[in-house]
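First up is the structure itself, then whatever we jot down about it.
Going by the order they are written in, the chains are A, B, C and D; count residues from 1 in each one.
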Amino acid sequence: MKAGATEEQIQHVVDRLHQFGLREHISRGEERTLIGAIGDERVLRSIPLEAVPGVEKVMAVLAPYKLASREFQSEDTVINVNGVEVGGKKVVVMAGPCAVESEEQITTIAEIVKGAGALMLRGGAFKPRTGPYSFQGLGDEGLRMLAAAKQKVGLPIITEVMSTEDIDLVAEFTDVFQIGARNMQNFMLLKGVGQTRKPVMLKRGMSATIEEFLLAAEYILSQGNLNVMLCERGIRTFETYTRNTLDINAVPVLKQLSHLPVIVDPSHGTGRRELVAPVSKAAIAAGADGLIIEVHHDPENSMTGDGAQSLMPEQFSELMKELQRLAEAIGRSM
Amino acid sequence: MKAGATEEQIQHVVDRLHQFGLREHISRGEERTLIGAIGDERVLRSIPLEAVPGVEKVMAVLAPYKLASREFQSEDTVINVNGVEVGGKKVVVMAGPCAVESEEQITTIAEIVKGAGALMLRGGAFKPRTGPYSFQGLGDEGLRMLAAAKQKVGLPIITEVMSTEDIDLVAEFTDVFQIGARNMQNFMLLKGVGQTRKPVMLKRGMSATIEEFLLAAEYILSQGNLNVMLCERGIRTFETYTRNTLDINAVPVLKQLSHLPVIVDPSHGTGRRELVAPVSKAAIAAGADGLIIEVHHDPENSMTGDGAQSLMPEQFSELMKELQRLAEAIGRSM
Amino acid sequence: MKAGATEEQIQHVVDRLHQFGLREHISRGEERTLIGAIGDERVLRSIPLEAVPGVEKVMAVLAPYKLASREFQSEDTVINVNGVEVGGKKVVVMAGPCAVESEEQITTIAEIVKGAGALMLRGGAFKPRTGPYSFQGLGDEGLRMLAAAKQKVGLPIITEVMSTEDIDLVAEFTDVFQIGARNMQNFMLLKGVGQTRKPVMLKRGMSATIEEFLLAAEYILSQGNLNVMLCERGIRTFETYTRNTLDINAVPVLKQLSHLPVIVDPSHGTGRRELVAPVSKAAIAAGADGLIIEVHHDPENSMTGDGAQSLMPEQFSELMKELQRLAEAIGRSM
Amino acid sequence: MKAGATEEQIQHVVDRLHQFGLREHISRGEERTLIGAIGDERVLRSIPLEAVPGVEKVMAVLAPYKLASREFQSEDTVINVNGVEVGGKKVVVMAGPCAVESEEQITTIAEIVKGAGALMLRGGAFKPRTGPYSFQGLGDEGLRMLAAAKQKVGLPIITEVMSTEDIDLVAEFTDVFQIGARNMQNFMLLKGVGQTRKPVMLKRGMSATIEEFLLAAEYILSQGNLNVMLCERGIRTFETYTRNTLDINAVPVLKQLSHLPVIVDPSHGTGRRELVAPVSKAAIAAGADGLIIEVHHDPENSMTGDGAQSLMPEQFSELMKELQRLAEAIGRSM
């Protein structure tokens, strides 16, 4: 309560708490009176207590998410994607081009990344682009190319879904839905994929706090889909040398607060090819369960302008060998 | 080009420019060679020149948006919303509750804000909420209540649309579509409202640069809908005392770079009732064409938890009088 | 306390509070136990309670500054600088070049800004520059030139002091010490100027929260120098179009939390000449007590590279007239 | 140049370039004219070209630092601190308490960290504290305690210097000067330690870009002191769960742009004890040359309030073993 809060104001807050099924605990300090709310304080999130006369600040004690929390489930969630386990002892690398450009392109790259040890194939058919005049992806044609590559090469697929209207279509082809950073708070889309039972990789929004990230996951979980992976892909800061600032702290934080698997995207997290290898190693060392890496055999001719962050095939193979040694040094495998 | 770039690399870049219909202009400095691209360099945005061997950095000279720019249209866009002109000499205030809660609530508030001089009624029927357990709005029922209030009180309506699937429904009732900050880069939604001819108020994303904001507007404009208003509603920074940091610089910047009307949201831009009045005045003084302000006659019992930033009716009336004087002092009217 | 905190751990925290002269107030919730500390909790800032076993989070209720707060002093501080009152009804404009370059330059500009209505002359003799190869100011020679201009033109002077070693020297010439943004947490320097009785204008650090800003002011106040003005000059955010993001919210926040005068620097806060006028107006409308503006009669030949944000004399005169009208509209004068 | 720049304006810019000993290279595009400056464009940093009529934007091609750059010196700088090599193959861990509290405390901790494999002892005698009422360190008494611990235990010392006036005093006792984050742009202090020949560990400012960080290092180098280590200690972002956001990208970026050794501070970079181990591992995996870690045998009774981020002795020993395995897996030693 504010410094000069009256007894009536204090009583009024207490009455409000009772209305919401909470009990109060009043603590009168020398300068301020503190009113503790006892019960499931999550209901406080949806009532505007700060609008009540005399109230200075409302401070939350409990996290606002539940199903996503370690307190709710202490053991790690392990998600089975066509036999590939994400969240277990094995570090899983997903790799592929930014966008699907042709059946030949995606199949070639699929073979390359599988050869180097990747366990899943990434590739965008629907591409969220900052401006309307950029290549927007091949759409359902791209999905069909992904499916062809999957059949030939034998890697499960992860691809982005951008709209509730496309969920059924994308579900036909993909093994894992990707929700992009720009859609992390597209709540309709979260609910939509939450109503399926297909695994979802949710990317952290560019300016989302860790709490908001877990709340976005909670949207999916609360619809009954428990197969959610969290992907740290860099946040927006004042630093301009890199495209984003990869939040390495978030990796152990997410592992502590949540039981969901944590994937790191060093390609978007740095935006520069020469930084992908060191930051991939850092992510594994920090405890990430997997990586999603852009690889292109001809980045200069890629269609998305993201070529500058794609690894060349030989760079990817080299990195996979280094990651192998690193994973073993910390008691994991690849 | 990088310090040691070879002649072959330079020639290769030149060949690439030719492929895209551009001409080159080579400038050999003492430490670096610079290659200027002559022609519509916007095509460069979609090709990954930074992935070409020998290239150090690609620097853009032109803005990547076109229809939104002052260079494309020098005179101000004025949008007519049922007789209310937005972007003209008159400063337009839109006001109302965060969310529609009942027909009585929205009608009561509509009368209050109209009485104080507001020219448009705001109120959310579909509410984007950070967590899945918060009140999500009354949906189409809320739209009907808005329509009832409009009929009784006679103010045009602005309300949020959150999903492409709801565009037709919302269009039936609203006079202006609001695209929320979290959806500023929901490109499917932007295209969807771009295909209508109804005015759109696009809110700046929490971590969107001014350039990205204008590119999001360009998505709508490029579909043929030229009735776009830009809304500055605060950006996310390290400061935690306020909910967001209202970017006052953005007001004159947007007016200079673009011909579109600029609205400011001091309620979300500060998150604190006691800051709404001073920041509203600042916005008008900086050149904003309008304001969108949360007003509630009973904030303590509002359903969204945003009550702490809603003005009380008498505060709103008082503010409107002050804004009137201010508008006149800078040669505008209200 | 953490979810599973034991009775021993709770008792241990209570014992710790007693050690520091505080009393406890225990509130046992369903999932967590809360321990309120009763007494002057400021002592908690300096003891590492979060390091105590079982403690989850320490939440501060009181502000950590005291002398700077409105609770300590409810009426506005008005600082008298050679007859110019800062913090009163009159809005005070300080203007001048970024750096003192010659006696002729500073005198010419002093006459210009005085003629347009400025009440104080700014100009740097010691210049903090990002790189070591840039012009670092004329030092004590520059101070002498300032003094000459003051004598001729009759405006009080404000100039930056960058080092404890220079305090005595600068004090000889200046009427107000300026502490630059980069030195906002140079605590030795704060203590140094705190030991004088000369007015100090403290600029907010580029990434300082409002709380840290007030704590920096507290350093000066706690040494006995009560003549402190706070200067908002823009914070660092992800936006790159402007040099800094002027935090307009901070103006009314500082006025509410503190009794100290608030000055705004639209030149550094925007970094672009064409934004200085609209943002100056916004600052006054938001309640600022003054402005500090860069003016140069020949910006192209200025020595600091900051010419791009300096107003030309006629622009400054024009702005002063507009500010006059604005100040009157909000019940102040100039 | 701006879209409508005249021939006179173009010629005027060319004349300006000639004045500064540069040559021009004019490239006339369809919408804009580009003027390339040939020669050492660093001089452009100090002249306000953006203030010249007709100029739209000045874009820098070269980095503004020189001595700190890889282009200036391609091989890694290795700094010898009393026999400990920083920047070589061996990863160097510096450890100790936040602040020196007593001779017994610092000696006890020195023995603990040495036993676990640390090669240098950290401990603050002069402490920069956000507020004036917090413990400010033991000053010269603290320095003497550090010296006593050094003598007994045999580890070189690193400790902070906060003021030019203290440089000589601190130099008497310390082996490495630490410049804290808040003083990264205290240019007087940078010049001061630059005039000694003692190694300096420069911490990155909370909101400093990588370029500004290297420019701050350049201040020291330009005075003739080439023994500079760069320390990434977390930057300020919107995320509040952690005290700072450790910028892991900065580690490989600094190694690429500069030849100076890179140290990481996971204690301040996270602010939470439980994150220190995973982030330490990430730093080594990303290529850091060393770590500086807070260790305290009795964090609950530490005097600085930073206890929450200090490792307990057994945690530190455990971490050192893990780091050993990791270092070997990436071809380094400890």
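The definition used in the following text is that a residue touches a chain if its C-beta (ideal position, glycine included) is under 8 Å from a C-beta of that chain, and two chains touch if they have at least 3 such contacts.
These numbers were taken from a predicted model, which means no experiment stands behind them.
Colleague: Compare the CA centroid of chain C with every other chain's and tell me the farthest one.
Modeller: Comparing chain centres, A lies farthest from chain C.
Colleague: Which pair wins on C-beta contacts, A-B or A-C?
Modeller: A-B
Colleague: What's the distance between the Cα centroids of chain B and chain C, rounded to whole Å?
Modeller: 31
Colleague: Compute the distance, rounded to whole Å, between the mean C-alpha positions of chain A and chain C.
Modeller: 39
Colleague: Could you work out how far the Cα centre of chain A sits from that of chain B, in whole Å?
Modeller: 26
Colleague: On chain B, where are the residues touching two or more other chains?
Modeller: If we look for residues of chain B contacting two or more partner chains, we find 207, 236-238, 240.
Colleague: Quick one: which bits of chain C touch chain D in the complex? Just the residue numbers, please.
Modeller: Those residues of chain C that touch chain D are 16, 42, 45-48, 50-53, 64-65, 128-136, 162-165, 182-183, 185-188, 191, 205-207, 212, 215, 218-219, 222, 236, 273, 299-300, 302-308, 310.
Colleague: Can you name the residues of chain D that touch chain B in the complex?
Modeller: Per the stated touch rule, the residues are 3, 25, 27-32, 34, 36-41, 57, 59, 61-62, 71, 207, 236-238, 240.
Colleague: Under the touch definition given earlier, write down the residues of chain C that touch chain B in their complex.
Modeller: Checking each residue of chain C against chain B gives 207, 209-211, 235, 237-242, 245-253, 256, 269-270, 274-275, 278-279, 281-287, 322, 325-326, 328-330.
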